[in-house]
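The block underneath contains the structure these notes are about, expressed in structure tokens.
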């Protein structure tokens, strides 16, 4: 049974739609990868799930976000606060700027426990030590009183995970959690996330532009481009035989997929600016298989193979080619 | 600020067009309008002022605001409005001259120190540290104490104390510009040191000092009127706003107008220079609006 | 090195500045025209007293020797005699410290009491009429002459409403506090204009910061985010701003003490200038300069205490 069901979610800046018709399904203990280039709308989708869009600029224009049977889009602000941190935890791309520089790490973990559960200072501190231990920070009793600048980048991301898990949420939204980290540390943090998934039964929505990260961690994938879903399905199928030219192009751009010493291929052109999307299929200006119909008609998401869906007029042709 | 007021300010904007300030922003326009207004009042004081600012007229003493005396009269029967109008001459002069001397001294010394470097720079920075360690007004008062109270002493004290801010500002910019490409180019053309400093470097770092000097005028006008209020600057019976406030303080229980209006005049002049400073900063892109 | 190690090393770095201050104060009195003994003793001087002063200050020696005498006297707490009060300068100043200290400390506290709510209101209601009104206050407030503002406050609160004494300094501590309210308010209104302006800007930046977003993602209410995350972070630059304005603050207190007839060091200085009591002028100037240096040091301490990242 799905923990999180997102249907038809769209996000707008004033009149301009930035994200349209996004569907997501996430079951307990599942890791769902949300993949796309920067500007594809994946980060604001995450913010929208938490209802943390900068409200003077962006708003949810339609759709539903159902968590354990409740539509979050309909909750009032006070009810929504009981969801944030308690039912959904969130971690961010840049742990350095997302931790308060002048508050002790322990207090940053403890404050949501104190606010949501009314725990005493001592109880909350105990929970903070326990969480730091869980996310693999050595000597947590001492580190709980440290400030963020005393931590390394990887430790800061671990601390932020501890902050997000303080009230034992069942769902973790991780917005590019490894992008700002060294490659070796990236792998450690991903392993930690998987480990937590196994131990706590956590569902994780992992936002990334890095298919290498996806390959290591996710169960299923959703590929976004220019504010729309291009393809969705189980990770193995998607990575082995992409049904959408955009997914295919992304895969070709990954280091390791090209021959050694050859130049890393890139997708030609630039992704469109938010809100200035081309008509028809949004990927058509950069698509190697572009045809007349792509410029005129927007392809609907349609079943491609097994449980997979893709939004391309030539899905069947692609399959035939592979 | 109404639309009419804005359009009435248009002739000013056109005036700025000639000075290259065509796209003047609101702060700049409003500030300039206030200061130009005060300047006109100062210049035409003898024609505008309804009464003589100095002559006693004891029959009319301590009268509240009325049609005859719109801002009332003081304990010698002098018309407050006339004295405020004449006061603009002194206070505006204090603001402008009081900034001019520190500006010239500080800019020159700062530029030389930054450009020459070495022991000249070290010496200047040490002096600067010491002067800055003193509270501005206290050091000025100490210098005035030695010279003897009066407007001249005020200018001398201000020149001795106020130059440091300009020197520090200009020195920092000269240090940056000294290593820039166009200075290297000028040097490779064989230009002399002073020519490079005063013709090439200084013009490029003067904008910051000019903007600073506008906000400095506010401080100088306040310092000047404060010192006059204390009795150590402009001396009575000269009509100066600080002096007027000091004279009126004995009558606050009965005649509030003697102290109130000169103070409002200071506030309005300071506000004008503040707006001018903000507007110029915005224009030169030196500060967030 | 420990973050607070500068408490030990900083005084050493301050020696050149303190040295410079003493030189300047020395030359201040040296540059007075006329016979220095006359200035120090007044017109009614006995020959013995003249001889004593000449010996004490080494007035017949070269300038450098005289300066060394000056330092020697200074290190013994000897700052000369006041002509007007007929007593040594140092105890005279010591008597006047309390009102000045109360004025400076009270003004800073009152400034924060005014600036923090105003800046918070402006930052939280950014772009509204409230915000514009507060910004108007910050632009105009800078140009309010403290002495005039003080008199206006006296007219309204003392003369018309009778809430506070017109001038002077009370006997009991409670009465002293009562007498301090309007003087502190006078200084604080001007200072809070600058502080509000800067605090508002840093609050707006902090409200939009990543760590505030992260705090909201924890489900904390906006008031909590503001109090626990936005406020502490935006107050740090305010400490520095207050440090920059210490000199201004002391200068302002000199004027305000005169307005309210507070028997503090500032009033002592102004009276001394009128009566040509030069040793008092020198002494007060010296003490004010040293106080500025010390207060800047205190500001550094506060910054280190408030911001764990800072190392000096």
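Order of writing sets the labels: A, B and C. Residues in every chain begin at 1.
Just so it is clear, contacts are C-beta pairs under 8 Å (C-beta built on N, C-alpha and C of every residue); 3 or more make two chains touch, one makes a residue touch a chain.
Since this is a predicted model, take the numbers as computed values, not measurements.
Listing every chain that touches chain B and chain C alike gives an empty result. Centrality by C-alpha centroid: the chain sitting nearest the overall protein C-alpha mean is C. Averaging C-alpha coordinates per chain and comparing to chain B, the farthest chain turns out to be A. The highest number of C-beta contact pairs joins the chains B-C.
Chain B and chain C have centres, each the mean of its CA atoms, that are 23 Å apart.
If you average the CA atoms of chain A and of chain B, the two centres end up 58 Å from each other. For this pair, chain A with chain C, the centres built from the Cα atoms lie 53 Å apart.
For chain C, no residue reaches two or more other chains under the stated contact definition. If you check the complex, the residues on chain A that touch chain C are 50, 52, 54, 81-86, 89-90, 92, 94, 97-103, 111-112, 115-116, 147, 149-150, 160, 163-164, 166-167. Interface of chain B with chain C (complex): residues 126-127, 129-139, 141-146, 149, 218, 222-223, 225-226, 229-232, 242, 245-246, 248-249, 252-253, 256, 259-260, 262-263, 266-267, 269-271, 273-275, 278, 288. Residue ranges on chain C touching chain B, taken from their complex, read 16-17, 20-21, 23-24, 28-29, 31-32, 139-140, 142-149, 151-152, 154-155, 159, 201, 246-252, 254-255, 258-259, 269-270, 272-274, 276, 278, 281-282, 284-285, 288-289, 292-293. Here chain C touches chain A in the complex through residues 208-211, 213-221, 224, 228-229, 232-233, 236, 306-309, going by the rule given at the top.
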